[in-house]
């Protein structure tokens, strides 16, 4: 039912979604913490910028990324000097997914952080745990549920990401063609609908598995 | 790397595998997308060597941007416009379109097929009436217009002959007379980057060869010398 | 411990300004509800930043608004046991206990884990999740957690209010031992004057948003009109069984107490109202303890008169009704006989 | 209140099985930390579902596993004051207070808001956010909130443990008044026997996971004789102020007590150990009450001898050490003098 | 700078985003509450279904909606009998936005509900508040921050929704052409970039305004 190209697409999708989620996590957590705990002015502006990829159609996000990461873009020309190419590579797909899923990740983590009992963090500090120490031993474990939720959301979003990816990474079978791009291609082929459908099913199954895994992790963390 | 308009996906898959059979050393990565986004990618320095557009406008955009190796751009296939819809529809020619409720076309500003359809309807004198009555549904591409016609959401759609063959339920109701619209042509060109590689030229020539034409004809295109 | 504090903080409806220096290792803070005790603790621990002023502990400046010093909590080594335990819900009891200890440099651990766990009766709870503990159990874990972090000052915010009487009196002596043996100075908040007398030597008396004054705990206890009568605390020697009673030395005096299990020397309390005064030695009475004393001072507390006595070099306070003072002609310097039952003494620890 | 309970619940490491019937309006639950007091309360309130059994309050079945009855908490009209206050953080003090009251049908409000707010000293806090309240302030709001909801049974889980002594003794009489005047039955958890004696008539004594037995609070206090001495309860007449003391009649006898606010006749207690016995009238002593008695019986309790006395037709029990019995030659029928301080009497109610 | 058609697109976008958010809110809250509080089996399945629109490329979601809501779809034919038409109307755009933004809404609210101190709800119950009463007076006010966050997320997502909308509602200027559709149209003609950019700016400004409004609401709710 699935062609070898499809299996490649599945592998690529998983690679992109996983890498994008893991890459975005530290920055996502940092920005969520900044938004949740700090009292700096201009928080709304940071939040607005973080939310941009959500507000703009993915195609536009892809186009804006193309403008800045393309060979003539300001970041792109910089990367070019180090021999790093983003356009038409899996890196581009990962970046596209990271950017588009980022607001979801930040929102989730932020909500989690805001609901932590600050007294627990205070207690840890008075027990000699520095800021970073209490971050890793108290704050993160206490918000793991929200972090997991954010990661699941982002992973799922990455699995379905199409608009920005096709612009930034192109639709190159075997190289950057993830599941959504393959589905797109099937739907523009005679009789491709059934194959598109089976790829949809794969997507659904993958996201279910991620969901179940995150629930299981949830439960294990509660037990320990 | 070659950037190919999505409507030629199948034809080019065949072309590439055939070309690879003859030149096993050459590795070709096709990038399928809408002509506009492909053109923009190339304008931003995407490493595409060959550009196949469904629309001369985007080819011109790149030529103006000096992204195309001089002299390599040219029309290589043609297509034709048909009106497709559920069998048994009242539409039999352009004039009868006014009896329909919904007609799907590609957005004229962005989709070439839509533009040709508009041209034809204007010439046939039905455009103004149809637009005033909000009977036109602008699809984001030909493929979507076809889906509407196929699913029966629209009474019919203007699509290319090559697309109409993909439909499951919808049938070609009538061919749009060629006199009503400018020729539907697909330009192809080697980019400035691709000009440096001999393989690009090899592929370019292969497409224009008889072997290439055979494949294009198989998918409904009409090769042009 | 030498603590010098001068901090200001403004809450809507309450202006806090704490200004005091303290030279005591076992100090209490006494004040009405809402006066700012917990707020002061938070400022000392670094959890709340005062608007201005300074906090200096043993020569180390913890906070100084002028010099822009504000040590973070983890650098202050000021432990806190909160009013509510604030345990870490994602760790079991053992992990909570050792959280602070594991963050101390290796050599400095001065408190024996096992001993402390025993004292706080936490042995059987070590593997439990803290969220399933009862209120008292939680508070004991919080207590242990802070002590094991080996701070140079511990702030205790009503740490015993969730414990039952028996457990409280069982824990207090061990707490005292921990605090004195390992010389951890502490600041203790409680509403109970009795706990204060057992745990502290000095007191900060707090009004709304200010430190009213500073006083020795015992002095305050002696001065305070109490509903229940002043509690004398006596240091008694080892017990010898005599005639189904326990004989113990109290300085030069000898007291007879009801027999108890323990015979070691210890601290005992007797309520001032349990001491009767007689002009002469009352012949043939049931009371076992008859002490010849001299009245050193009198203090009229409206319904009672507090009579300060000196017997064989020891201080003792009795409370009698004013009528008796008149009848017995009690004045400063008069010789008098104090009588106490053998059962009026209670062991503290 | 008639309460019939037979419920089972299993926790890892603890099997709970509470089986008792209760016919009392002011009842306490006494038990060690972790014995299941809070758990029982939660089951009564409907916040925790027992695994099996039944709960019947005043003929209404609140829970019955056999008949599949499990009234939701809001239908039970069982108020709870929690160990931690659990105020609504998004409402101010006034809204918290009136949350429950506003959900009662119009006619039944039996408690005057203003009066209760005054009693709990919450007047000045009404507009405050509850998150900024001190521990004690929070607990007072929680107390008020529950009472105003007009429940037919109130469960109190150590509600006073966060209050300072002064406030506690100020609130207790008003609480008593609220509970008795408006006849709200209550179940009271506390670790303090003193609070128990002030707030309750009956006690459920809890072991780990079970109700050990049920006892009158006063009897328990008396039964604790081995430790604290037998408690005599005396019916005294109206007080007359004499010489900064209160004179009250006790049958044919006259007693002098420390002055108190109330002068009405009432029930007073005196500990048997607060009564001293003398062979003859002790001249010039501080004790105000000197009664001529006859010994009616003796009971040896190992470390104490309980001496039953008859004075002017009234019964009185004194406890003295065995040595005294020997020395004074106390035997049945002997005439003796009992001496008690004016401050040894405590009003019960 | 903006053509009359652009203004119509802005109006339509606001209409779609607002309606979609408000329509999805009750169902979103209900499902979030179900997922947060209940212990029914098959929770993972419900969650998986809710997450579907996130996992699948929006175009696929649009296509699936078209299949079921189209004239020959099983819901569509039912609606047809009542004279309700969804395809090619603003209703279609609203449904597309609702479906695509739904998982974001549910996630946010669920996180908020899970972080509520249940003792507060218990307290309310013992004070005589029934389940619904405590829901409206305790649960919802205590999770308003998460609800607001979810609504903001969904609103933003709706502003940027393209793939499903264009399939279900079509791209009919003045009727269903929302901002992303207009942007798409501009970007797919040479030289339309500057006009696309100005519409992007409008989108960004709109989402900033929503963000600031939700922050302001947040603060006001904290004060009361």
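First chain written, first letter: the chains are A, B, C, D and E, and each begins at residue 1.
In this section, a contact is a pair of C-beta atoms (placed from the backbone, for glycine too) under 8 Å apart; a residue touches a chain by one contact, two chains touch by 3 or more.
Values in this document were obtained by computation on a predicted structure and should not be read as measured data.
Trainee: Starting at chain A, how many touch steps does it take at minimum to reach chain D?
Mentor: The fewest steps needed to get from chain A to chain D is 2.
Trainee: From chain B, count the fewest steps through touching chains until chain D is reached.
Mentor: Minimum step count, chain B to chain D: 2.
Trainee: If more than half of the interface residue numbers appear on both sides, call it same; otherwise different. Which is it for chain C and chain D?
Mentor: same
Trainee: Quick one: point me to the chain whose Cα centre is farthest from that of chain A.
Mentor: Farthest by centroid: D.
Trainee: As a quick test, compute the distance in whole Å between the mean CA positions of chain A and chain E.
Mentor: Roughly 20 Å, centre to centre.
Trainee: So the centre of each chain is just the mean of its C-alpha atoms; given that, what is the distance between chain C and chain D in Å?
Mentor: Whole-Å distance between the two chain centres: 26.
Trainee: Can you give the whole-Å distance between the Cα centres of chain A and chain C?
Mentor: The computed centroid separation for chain A versus chain C comes out at 56 Å.
Trainee: Using mean C-alpha positions as chain centres, tell me how far chain B is from chain E in Å, no decimals.
Mentor: One centre to the other, that is 35 Å.
Trainee: Would you please write down the residue numbers of chain E that are in contact with two or more other chains?
Mentor: Answer for chain E, listing residues that touch two or more other chains: 63, 184, 187.
Trainee: Chain D: which residues touch two or more other chains?
Mentor: If we look for residues of chain D contacting two or more partner chains, we find 84.
Trainee: Pull out every residue in chain B that's touching 2 or more other chains.
Mentor: Touching at least two other chains: 37, 40.
Trainee: How do the chains pair up in terms of touching? List each pair.
Mentor: Touch list across chains, by label: A-B, A-C, A-E, B-E, C-D, D-E.
Trainee: Of all residues in chain A, which touch chain C in the complex?
Mentor: Interface residues on chain A, with respect to chain C: 117, 119-120, 122-131, 133-134, 137-138, 141-142, 221, 224.
Trainee: Give the list of chain C residues in touch with chain A in this complex.
Mentor: Within the complex, chain C touches chain A at residues 45-47, 72-74, 76-80, 82, 84, 86-90, 99-100, 103-104, 145-146, 149, 151.
Trainee: In their complex, what parts of chain E are in touch with chain A?
Mentor: It is residues 44, 47-48, 51-52, 54-60, 63, 103-104, 107-108, 110-112, 114-115, 145-146, 149, 152-153, 156-157, 159-163, 180, 183-184, 187, 196, 200, 203-204, 206-208, 211-212, 215 of chain E that touch chain A.
Trainee: Along chain E, where are the residues that touch chain B in the complex?
Mentor: For chain E paired with chain B, touching residues are 63, 66-67, 70-72, 87-88, 166-167, 170-173, 175, 177, 181, 184-185, 187-190, 192.
Trainee: Along chain C, where are the residues that touch chain D in the complex?
Mentor: 11-13, 32-34, 38, 83-84, 128, 132-137, 158, 161-168, 191-193, 227, 229, 243-245, 256, 258-259, 273-274, 276-280, 282-288, 303-304, 318-325, 327-328, 339, 341-344
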